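Chains here go by letter, A, B, C and D, matching the order in which they are written, and residues are numbered from 1 within each.
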């Protein structure tokens, strides 16, 4: 465990911030303040944070429809995100994108994406930019277990390999694509697929921040050193439905409660760092309070923000036309 | 006969045809749901519950859940259609066409022509389209003009529950590839629908009303909006014909031309992006064939040339509304 | 200034821009050729030699051969464009769009809008289109109406070598995603082309001739056919204006409307399939905006609503020819 | 070697017929009688025949742009094929398809295909039909090394696996996709990719009919028994350019001549069966003559056949419209 105290605090705060953000979106959605399709990342925080902790602003990530966690981990402004999800003018995309299109290219967040499997090709492009312009950057595509079956994803493994791109594919396997079990939909295995394309493939427990962080450091290090792409298969749990409103009847009774009770990434982290006396419970509690306050503020600001002006309908289609 | 939602009408059409013909199979992502999962099977019946109940009745052999691989399974549906099945594949949102269009437009659509008439491809692709549910740019598009552009495809846009049932049964019995568009904001809309199977032929427009002053040609959900506008206009003494072409390919050119000639004033309403869309298609048809009868410029009511925005107010401003249709009709009536 | 073929004009445009700006990279299948092979490198320069010579000058880092994975590499080009490069990706034939359209129409085209104006995507996709080389149904399509339909894309259809060079340089310098269509039957056509870099702005139509009787609006290769037809008609005293819009998106609506008004008689020539194509788009535009000036029905000259056949005679009958254009103009002139 | 005399004669005749057909198309193309893009299968015959010998009319194949060999092996009428390539009314597709669209669904030939990677999804459909209607049929997609990188192909491996379809994917690796070496473009390996998706993967020398036939029998038998899909990676050599007109400068000098001299599938076959005294040279020579006569006839008939009537332009778009 090579993380210093500051890094540990940051890791915890990022995970907690994602969790609190998602819990709030869950509540606000139920209360009727949010429209559209919203896919929550609660339960999967260790993956986004474990990877993004190893990145800087020269690095890029491409996300999925379940993009809030990746966005926060990569450094998107949570107030802007909340405003966006509420469809307000203070939103990160001015209210034009919504939950599924949160992006901030300036900090290397290439966007949540409404199209399953669209991220991997795009991230190959970010990696190509890094390689061509010698920025030193690496690029990570987060992909769901469902998205791992999309041809666009599979092609990208090969392109990354033959172009020797600094790319990491992170398969976030939460067991389901919508209602469909990954144990059914994924023929073979994620790591063997990687090897089939000549990529080193790793498995990791996605509930365990430290495990994720360790493998992330390794594959990112390799990519940064010009040694090419890798794939990481992280098993993890989504706490809520596929989207807000999903009854999740296809899951086993108590399935996600059990994961929450036994394999929660925040609990595991807290236990680990306090038992090893790396951090104090007080410090973590303070973060919890700070984060809660921030989410309160973000929510209040989003609700108070005006809707986008109608003229916004017509702008931003082209730079010039 | 009973009141049925569009959701029910479509479900019933599928069930009836599956009972009638063992070669009819349906497939798609979560088309039943819970595949391989520990909990409820048939958990969703598609994301909006349209196909719920089919799997329990017909089994997993005929109600096939798929991995997220639209090229593979839509292509498989095309290949199955060419070899003896009559598959109904669900492309969850038409916005996803970009990952599988080849199998539709270069394969299924062209088999018969490329092979010199020696292929029969009774494929139906059901797909959701349209704005109105805050689903943003990648889940709200119409895109039927793209499919209409392709020779070899038939394109269906039902405007109500009655229409949906009859047109879907026709689509399943049809021997050519058919793309069947379901507007995601309309599933709950109800009307009286017969319980038994019936078909509505393709290429025969429906006149939802006839009037003397202005002819409105509208597609899919816009038929409803056109009728709402016509109701209001009626009160001000402007009487409209509303033409619902039902299918954009084949298009009932004769009825459209005839109705354009009758009033000499035409408004076309299309929820699709404005360039190279059905509004331009119908306008050009009329101008080429009924020019002499036209008394005023043909007006098109469409969204602006922008992606579909997320925020509710923006999305409302994006969609052609009954108010915009009304204004266009007034303008054309006065011209 | 010297005589150059369209092939040379395009090659020169790419080379000039690559010299000027290190962020410009080109990529595609066999764009150089011989990748990993034991024999000649830069063996093809694309299937028709258009990019030959670029790799020797700029190296494999900037001239990237790709596996056959259009989604991956066109998507990579989009992602690279959004992160600082200015990629020119080659989609060998536009007919292959069906395996990669998502990356073009849902990703590159929509970034800027979805992200609230915070993306810049200077992507160019070069692609071959058109019939005439017996390439049959899956290698002869036009499909530019589909791209024109999509908000967020710009669509360019050069009609000669001079046009190709200036429009391609503009495309590369443009900050929005541009789809650049090259007609596969035109690469050898020559004219005088300046040696240095120059740009032709998008959305400004070119009048290849002006006349009093009929306005012909034509696209891409059809501009040449329209000029040939106009030459013949001239001799019979029918004088035509020929409008080459150069780009279908943006479209120079003002010039088209103005030229339609000047003669009051319009023929539109489009090599694309007839439904929801540019002919209908322009016809509808004129009818909505210049109705009062029209003296005759607008006629569209297009192929039939069929795939492109293989056999030479059938293909010839498929393509809008100078003769068909001539006949349409005569009809409109007499109406 | 479990093939009887009749089967051996058929195998040789089919391979010879393909070879003679392709040699003739090569000559006629050079003479200017054929237009469009023509991709010759000469050199690869053992693959098409080795597989298709194990099939009957209930079985389906999907081919590629390089489709003449598969078509002949599956039983397409060579006169109809030649007519088609010449664009004549006697063509198998009435002259409307040409070389890249030869098909005969009645005998299970689902078409050459102008789109690289389009066959695998389609063949999954044929296999689904077989499975659903219990025809006992199997389905084979032939795919080039270039086509093996297309997402549509890779997705199909997974679909075939999770639906447990009677499908075989045959990767015909002739070393090049256009000018691009498969040693560069294919990350990983074909057989490892197969395993990555849970498919058994086999390698075979595609110049050797007997080797191909053996593995074909095994994987087809397994598919027919309901034991699911497999992949076979066949290495072979294309004698001519990618298409007629290709200068093949990207190849090593003498590369294909060497293969012709040393690894020609017809030579290998003849040597093997005559040395083992299974067939006589005379018998094989007789086949050569018979085949040559047939190709002469096919060519003469194609040249004599009228072009399609212009009305044919408008027919066959729809069954009803």
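Just so we're on the same page, a contact is a pair of C-beta atoms (placed from the backbone, for glycine too) under 8 Å apart; a residue touches a chain by one contact, two chains touch by 3 or more.
The shown structure was predicted, so the numbers you read here are calculated from the model rather than taken from an experiment.
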Required steps from subunit A to subunit C (each step between touching chains, minimum): 1
Remotest chain, subunit D as reference, centres from CA atoms: A
Length of the line joining the C-alpha centres of subunit A and subunit D, rounded to whole Å: 45
For subunit B paired with subunit D, centre-to-centre distance based on mean C-alpha positions, whole Å: 39
Centre distance in Å when subunit C and subunit D are each reduced to the mean of their C-alpha atoms: 35
Residues of subunit A engaged with two or more neighbouring chains: 93, 95-97, 101, 113-115, 149-152, 155, 158, 162, 184-186, 317
For subunit C, residues contacting two or more additional chains: 67, 69, 71-72, 95-96, 98-99, 102-103, 106, 113-114, 136-138, 151-152, 305-307, 309
Touch-based graph of the chains, sorted into line, ring, star, complete or other: complete
Subunit D-touching residues of subunit C, taken from the complex the two chains share: 29-30, 33-41, 43-44, 47, 65, 67-72, 95-96, 98-99, 133-139, 304-307, 309-314, 317-318
Subunit D to subunit A touching residues, read off their complex: 149-155, 157-158, 161-162, 184-189, 192-199
Subunit C-touching residues of subunit D, taken from the complex the two chains share: 35-37, 87-88, 93, 95-98, 100-101, 113-117, 146-147, 149-152, 176-186, 247-253, 255, 307-308, 310, 312-314, 317
Complex contact set, residues of subunit D against subunit B: 60, 62, 91-97, 101, 103-106, 110-111, 113-115, 118, 120-126, 128-130, 132-133, 151-152, 155-156, 158-159, 162-163, 315-321
Subunit B residues touching subunit D - in the complex, by the definition given at the top: 23, 25, 61-62, 64, 66-67, 69, 71-85, 87, 102-103, 106-107, 111-120, 151-152, 154, 174-176, 203, 250
